[in-house]
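For clarity, chains are labelled A, B and C in written order, and residue numbers in each chain start from 1.
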Amino acid sequence: MDYILILDILGVIAFSISGVLTSLKKRMDAFGILIIAFVTSVGGGTLRDVLLGVSVMWLQNMTYVYVIIITTILAVIFRKKLFYLRKSLFLFDTLGIGLYTVVGVEKGIAQGFSPIICIALGTMSACFGGVIRDILCNEIPQIFRKEIYATACILGGFSYFVFLKLNFPVSLIFILSGSVVIVVRLSAVIFKLSLPSIYKKDEDIEDYW
Amino acid sequence: MDYILILDILGVIAFSISGVLTSLKKRMDAFGILIIAFVTSVGGGTLRDVLLGVSVMWLQNMTYVYVIIITTILAVIFRKKLFYLRKSLFLFDTLGIGLYTVVGVEKGIAQGFSPIICIALGTMSACFGGVIRDILCNEIPQIFRKEIYATACILGGFSYFVFLKLNFPVSLIFILSGSVVIVVRLSAVIFKLSLPSIYKKDEDIEDYW
Amino acid sequence: MDYILILDILGVIAFSISGVLTSLKKRMDAFGILIIAFVTSVGGGTLRDVLLGVSVMWLQNMTYVYVIIITTILAVIFRKKLFYLRKSLFLFDTLGIGLYTVVGVEKGIAQGFSPIICIALGTMSACFGGVIRDILCNEIPQIFRKEIYATACILGGFSYFVFLKLNFPVSLIFILSGSVVIVVRLSAVIFKLSLPSIYKKDEDIEDYW
């Protein structure tokens, strides 16, 4: 399971840095930056664990806490250089959401939930850290306006159950459905794909009510 | 208990549609709209269940999830027609808060809490979905500024314990205290009642501190 | 333990009044003011208890609820006089965060967590009520921008483990580490101390990404 640990740490690093950048833009102080890095990395998984009533993962495993603290300190010190890392960070971030989605789906399956709930738990694990980050920064969550992230997670979660129906071995399903998330997200960004907007041009929503 | 199920579903529908309307005004995408519909419907009950340390209701009963997904899709498609449904929706919404209040109070009683806590749990079940909706939409929660909703829930919860003292049968208490919520809210809206404001005209609060 | 109860109540009073003042500035109604007073006082401890999976403190002990309700009513009625109490309130508030920090640290130790987690739980207990208050009032949490509060809690939590290593008796550690929080915060405010800013003058963060 060493590969998974490495992926997990890469994901936590990418999420922490995204939190650091958001909080720097809001001119937060050291404490605020650390908290935002923290909730961006582990907020989704924490919400999932609280809803499931299981132990919160970062209370059980100090690795998360150490990685977040060290990443935050380095990211603040070298903040002017982060620009040059943006491609690697985007890749880590994408690996991270792929991993988190699958881990979330599997936590749901372990508790005997139906596929829809499991997919929701996977998507929540991958996406809700960013939602809490945006709320703490007093912004409307980005993910509610640009759906590439969430769509990739939902498709990845869905594919998990397709592969499960096909009786693939569990470790293969893990890799394949994580890859679905990663491929969908990479393609969406590279080819600038997005779901068709539900809004008509100049549609005035205020009129409907 | 079929009546209760129907009331519950009507409440979930009304709350989901209120979430859809709020998120459309914020120009959210499909994922954002679904999440806002979801938290508006079940956010209050979820918070209550997490605080009580019991299983979260929508993880146990898929009906909620299906009703919310279907309602959201229909509400987005037919969003221009929602205006014509506004009276029915207001009625469903009112039935919903009546039901949710009483269900919340009873969950508190089942765990042996004192009346004040039970009334708080009932009010939370009915009102905090809207609070979470507003936070996610980056607004100050409406209910903190217009108190008709919460006052109706608190009075309904209070009446529950009055009826209990009078030794009414439980099923009758359920109906009566739910009706108190509904009647107070309907009267408040129809007769434009509200509690007297605590603010004096032109009061400058900034001066106090 | 009577002293602790008195300190706790003084802390709850100070936090409730801080919630009342914030919500008055947002022109909230009676219900909103009560909720904000409530989350400011017990929000941090509630979040800690939910993450730890233990019973939420104010569901177990009605004292909190009564103190918050009475304080809120009095604070709203006498809001014009609060200005004259500001020094006492600042003192109560400081006593409160000292106490809450140590209580949070001890709850973590009781569950066998490592020092870093315990310090985080202590800081969360003392500071996150204010974070939830600010989110509900649609502001970026103050504490993410002015770190005096959090730094004092972190140092107090750290000192707890230093005193523990020195084999001091538990009741003395309680008093000493609580005093560290109080002294650091009082000195910071009186001597206008703060950590050096991480931002350079005119630093343009938008450029980094």
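FYI, a residue touches a chain if its C-beta (ideal position, glycine included) is under 8 Å from a C-beta of that chain, and two chains touch if they have at least 3 such contacts.
Quick caveat, the model's predicted, so the values are computed rather than measured.
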Key: Copy-to-copy rotation for chain A and chain C - C-alpha atoms, rounded to a multiple of 5°   = 120
Query = Do chain A and chain B face each other with the same patch, meaning over half of the contact numbers show up on both, or with different patches?
reply = different
Query = How big is the gap, in whole Å, between where the Cα atoms of chain A centre and where those of chain B centre?
reply = 30
Request  = At least two other chains touched by the same residue of chain B: list those residues.
outcome  = 50, 53, 135, 138
Ask   = Mind pulling up the chain B residues that touch chain A in the complex?
value = 21, 23-33, 35-36, 46, 50, 53, 55-56, 59, 62, 65, 76, 79-80, 82-83, 86, 135-138
Ask   = Which of the residues in chain A come into contact with chain B in the complex?
value = 50-53, 113-114, 116-117, 120, 131, 135, 138-141, 143-147, 150-151, 154, 195, 197-199, 205-209
